[in-house]
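Each in C-alpha cells, the structures are laid out below.
Both complexes below contain subunit A, partnered by subunit B and then by subunit C.
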Partner chain A sequence: MKRSELVSRILITVAVIGAVGAPLFFWSQSSLMHARVAESGGWNPNIIRADVGAPLHLRLTSDDVVHGFAVGQMNMDGVDVLPGKVTDLTLTFDKPGTYTFYCTRWCGLNHWRMRGTIEVGGSNTDAEPAPAPLYVSLGLDIDAPHEAPAIPSQMPSAFRGESLIRGLAISQFINSDFYRVHSPYETFENLDQYPLGESQRWDVVAYIWQSNTTLESLANGKKLYAQNCAACHGENGAGNGVFADDLLPSPNSGGGGDEVRSMIQTPANFTDPKRILGASPALLQGKILRGGMGTGMPMWGSIFTEGQIWDLIAFIYSFQFEYQN
Partner chain B sequence: MNRIELTRNLFIKSALKNRHPQLAVFIVMLAGYVFAILAGLIGTPVGSHNFSIVFVWIAWWAILILVAVPFFGRGWCAVCPIPLPGEWLQRGAVLHPLDKKPKWLNLRWPRALRNIWLQNIAFLLLALFSSVLLTTPTITAIVLAAMLFTAIGLSMVFERRAFCRYLCPVGGFIGLYSQTAPLELRIKDKQTCVTCDGKPCYNGASTSLSANSGYGCPWDVFPGGLTRNTYCGLCMECLRTCPHDNIAVNLRPFSADLAKPSARLDEAFKAFIMLGSAMIYAGVLLGPWGALKDAAFYVGTSAWIIYAAVFLGIIFIILPGLFSLALFLAHRPSLKACLGRSRGVGRGTGLRTFAMFSASLIPLGLMFWVAFSLSFVLTNAAYILVSLSDPLGLGWNLFGTADVAWRPIFTSLLAPAQTLALVGGLIWSARMAQKAADESKISAIPVMAYCFAATVVMLWLLL
Partner chain C sequence: MIRFISLVVLFAAGLAVAFAPLPAPSIAPQARTLRIDARQFAYSPSELKVNLGDTVTVQLVSTDVVHGLYVDGYDVSVEADPGQTATLTFVADRSGSFRFRCNVTCGAMHPFMIGKITVEKNDLLFRSVGLATLAVIGVFPLSSLLVERKDRALAK
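So, the complex of A and B:
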C-alpha cells in the first residue's frame, strides 16, 4: 500500500472515531437533569440525594417545552428550564429530610404531576416530627359538604363593615385563633347578638376577615395563587382556568369517559359564596395541604410553607369580600 | 452558446484533478455527517437546539437550495459524504485505483429500475413524514444512518454509485434542477471520444495502465454522451482518467440544458413532485393552519392519512392533470392554425409532449423552493450559531455563541426577495414554455397561464 493511501485511511479513521468518540465521552460526563411534560415522564431523575450543608449543583434542561424548577418549603422563586438550554442551579439544605421539587410553569395538563424528591441526609438524620395541621387537630372532615346555608345579597364590604363596628365589642373575632377555625357564615351567625341587619353583619364579617390578614399576606397570596392555582381555578377564581376544560374527558373521547368524568370534579369555584363562606380557613388549609385525593387537585403540603398557605387562604376569601385597596 | 472553460486555468484544473483537496473535504463532510447522526441520537430532543436538525435541515438545506443547486448544479453531490464509505469499500482504496480490485458482486443495476422512479418514491416517503423528520432529531439521525448504510449495502452488491444514481431522495431533484445551473462538465471534442481506445472515463484506468489513473464514471455515465447535467455528479473522475485532456468544466448560461429537454416521464413527474411539494410545504410549515400542521405531524392518524392522500393527489393527479389540460388547450387552436403547415402538431402530442413541456416547470419549481426556503432559513438562521457552540444541548459554549437569542434575520428583505424569486421563476419558465411551444408549433399561453396560476398560489401561501 502506498504511503499516501495509508495516511489517508488513518486520517479518515481518526476523523470518524473522533467525531463519534469525543462527543460521546463528554456526553457521558455530563449529568443533566431532564424535564419533560408529565405524560412523557416528568423529571429525570426524579429522586436526588444531597447532604446537609453541602452545595447541590443541578444542571437542568427541558426536552420539550418551558418548565420551571423550585423546591417546596424553601420559599424560593422558580428558575426557568428552557428547551435545549441548560440552567445551572446550586442549592444548599440546612435541615435533613425529604424535599419536594416541582415544575413552576404551566407546561401542560398534567403540569402539577411534575414533581420529584430530594432526599437530604446529614449528621442529624432524625426528621423532626411535623406538628399536626389544624384541620387534623380539629378533626375536620374536609371532604364533607360545607355550604353556607345563607349568603349575602351583595358582596360584603370591609369598608362598610368598619363604619359599623364603632361602639361594638368585636375584638374577640379579630385574632387568628377565632378566624382560623370559623367560617364566614359561622361568624355571621355569631354576630346575631349585635343590633345589625343581615347585610350589615356580612359587612362586619368582611371587616373581620380583612383585619385577620395584612396587605403583604394578600399580595403574597395573590402571587402564589397566580403561579400555582390560576391554571385550574382561573385568574378570577371562577374555576375556569385554562386547564379546567381539559380536565374533563370529552364526551366523545370514549375509553370509559363517563366513568372518568364521574370521578373528576371541576376545579372549585371561589366566586361561589355558598362554597367559600361556608368554609373555615382550617378547612381550606386542609384542602390545600392534602389536595383533592383523585380530583385533580394536587397536594400542596410538601410545597407551600404554613405561612404561604395562610396567605393563599386570605387571598381566596378576597373573591368574596370587598377589601379596602 | 458562450461558454468559459474553467479548467483552462491550471490552478483550477490541478485542484480538481488532484485527489487530496477533494479527500480533505470528504473527511470533514464525513466526520460532520457521522457527528450529525450521533447528535440526533444522544443530543437534546429539542430540534432547534440539536446539531442534526439545525445543520441538516437549516444550514445544509440553505446552502443546497440557495447556493449549491442554482449555481453549482450537482456541486453538493461532488462533496456528499453518504456514498463515500461504500465507495471506498467497493474500490478497496480511498485514493488511486488498485491493480487488484476487491471481489464484490459488482452487479449491473436492474434495467427496469434504471430511471428515477425509486428516487421519486424515496423523496415522497420522506416528504410525507417531513413534519416529523424535520423536527425530531432521533428520526433525522435514523434517516441519515439509513441512507449511509443503504449506500454501503448497495455498493457491495451493485457496481458504481447505485445509491446516488437511483435511490438518493435528494439526488433526484438536485439532478433535475442542476440543468438550470451555470456550471457543467462536458467533453471538448466529440471525435476524440469516438476514437478513444478503451474509454477509460467510463471503464476506469488503473495505475499500471495509465498515468491518468482513475475510476470509471461512478455515476454510470459516458462523458462523451453528456448533454445534460442531470446525472453527472461532478466527481471529477473523468477529468483524472481522460488520456486526451478532453474533459472541461465550463461556465455557461443558466438553464442551458433545458433547450433540449428530456422526454422522460420519471423526470417529468419529478418536476411535478417538486413543484407540488414546495407549495404543500409552504402551506403546512409556513401557513397559519394549525389543523393542517397537526395532520402532517401526527403520522398514522386518520387526519395524516387524508393529508397524505391529498398530498399525493395534488402531485400525481391535480398538477399533472391541469398541466395536461393546458397542453390540450394549447393544441386546439394550433390544430386549425397549423392545418396548412407541413410540420403539424403530430410530433408534439401525447406523453412525449407532456414530458418535454414539463421541463418548462423546472425553473419555476426551483424558484418555488428558493422562495420557500428563504422563509424558514432566514427565520431560523440564529439557531445555527447556538447549535455551533452547543451542538448536543449539553450546556456547552464552544465558540461563545450558545446564548445568542433567536431572532429572524433580514426580515425586511424576505418578502421582496421571495417575490423576486417567484416572479423571476415565472418569467424564466414562461420563456422555456415559449421556446418549447415554438418548436412544437403550439400555443404557449395555456402553459404560461398554468405557471402564472401556480405562482399566484405560491405567492398567496408565502406572503
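So, the complex of A and C:
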C-alpha cells in the first residue's frame, strides 16, 4: 500500500466518523429539555444549574402532548412546549436560590406533578430568608374544620351593603390587616354592635370584602383560577371540575373500596357558604401555599407570588358575594 | 290515452318533487349551542347535525389534555385546556358533511381524533315524503293501466 493511499484511507475514515459523530456529540451536548406527562417521567432534566446574572438558555421540546414552561415566583407567563417543535427561552436570575419551574398547560390528572428546580448559585449567597406566611405567624391550624355556624339566607350584595353603611363608622374593617385575619363570619359577628338586621349585616360584610380588593385583583385572580384551579375545582367553583372524579380511585381498579373512597377529600366547593364564609384569607392563603396533604391539591407556595395568592383569594370569595361590576 | 297522459304527469311530478330547487330554506336559521367533550382520542358527541344558516356555538370541554377542534371546509378552530371551556361560533352557511378534527397534538392517536358535522336543509325528508305520497297515488292509475293491457291481450 502506498503511503498516499494510506493517508487518503485514514482521511476518509475520519471524515465518515466525523460526519456521524459530530452531530451526535453536539446533540448530546445541547441543552434540549424534554417534557413528558408526569406518568412518563415529567421533565428531563428536572434539575438545572445556573448562575446569578448569567443568561440561562433553554431549548424545550415535548415528547407527547402540549406542555408549557414557566418559572415560579417570577410572575412570568408560560411559554408553550409543543411536540415536534423546539421552544427557545432565555432566563436571567437576579437572586440566588432554588427556583421551581412547572408545566403551565393542563396535561392530565398529574399535570401539577410536572415540576423541576433551577438551582441558581452566585457570589452573593447571603439570600435573606423568606418571611413566614401569615398562617404560620398566626398559629392557624389550616387542617381544622372551619365551618361558619350561620350562613346568610340570600347571597350578600356589596351594592346593598354600600347603601347601608352611610353614617356607620366601619373604616376599621376596610384595611388589609383586619381583612386578612378575619373570616366573613367573624366580621359578621363583629358587626352586631350596629343597628342592622342579619341579612343587612351580611350585605355590609360583602361590601367590606369588595372594598378590600380591586377590580384588577379580581380579574387577575379569575385568570389564575381558570388556568390553575378550574380543572379540579370547576369553572363555577362548585368543586366539580373535569378531574374531580378522577381523583378518586375507581371502585374496580383495586385502589380501595368505599372506605378508601370516603376518606379521600374531593376538591373544595367554593360555592358552599359554610366552607368559605368560615375561612379567613390567611387560612385560604395557608391552604394554597402548602396544598392539601394527601389530597390532589398541589403546593403552590413555590409557584405563585404573594400578590397572586391574594388576588386568587379575593376571587374565591366572589363565589359567595355579589360584587358591583 | 288518458292513462298514458296521467302516467307522464305523475312521472313529471315525481321529478319535480325530487329535484326542483326550493325557493327558500324550509327551516328558519336558529342559534344552536352544542357541548362537545374532548378526551384522548375522541369527541363526544362526534357527529353533529345542523341546518343550513344556523349560528353554531360549540362549547369545547377538554377532560384530560389540551385539545383543539378544527372544522374542515369552514377553516375555523378553537383550543381548550381542561378547566377552561372554549367556545367557537360560526355560521353554517355551506351545506354538506364536514370533518372536524383535533388540531393540537394530544398524543399518539391524535391524528385519529375526528368527528363529523353535517350541515343541511332538512328538505331530504320532505322530498321523500312527497315522493312516497306520489307513489301511493301512482299505484292506482298504473295498476289499472296494466290490468287494461292484460284485458286487451286476453281479448285478442
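Criterion: the second predicted complex is superposed on the first by the 289 of 325 C-alpha atoms of A that agree within 3 Å, B and C clash if a C-alpha of one lies under 4 Å from a C-alpha of the other, contacts with A are read in each partner's own complex, and residues count from 1 in each chain.
We take it that a residue touches a chain if its C-beta (ideal position, glycine included) is under 8 Å from a C-beta of that chain, and two chains touch if they have at least 3 such contacts.
Predicted, not measured: the structure shown is a model, and the values here were computed from it.
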Practice item. Could you say whether A:F26 touches subunit B, subunit C, both of them, or neither, answering first, second, both or neither? Key: first
Now for A:R49: first (subunit B), second (subunit C), both, or neither, which partner does it touch? neither
Item to complete: Kindly classify A:H57 by the partners it touches after superposition: subunit B alone (first), subunit C alone (second), both, or neither?
Response: neither
* Have a look at where A:K95 lands relative to subunit B and subunit C in the superposition and call it first, second, both or neither. => neither
Contacts of A:V86 with subunit B and subunit C, given as first, second, both or neither
first
Inquiry  = One more residue to check, A:E5. First (subunit B), second (subunit C), both or neither?
reply    = first
Interface residues of subunit A shared by subunit B and subunit C, listed 62, 64, 83-84
The residues of subunit C that touch subunit A in their complex are 61-66, 81-85, 104-108
Note: in the complex, subunit A contacts subunit B through residues 2, 4-5, 8-9, 11-12, 15-16, 18-20, 23-24, 26-27, 30, 32, 59, 61-64, 83-86, 88
Within their complex, subunit B touches subunit A through residues 20, 23, 26-28, 30-32, 34-35, 38-39, 42, 44-46, 48-50, 88, 93-96, 390-396
As the complex stands, subunit A meets subunit C at residues 37, 62, 64-66, 82-84, 105-109, 226-227, 229-232, 235, 241-243
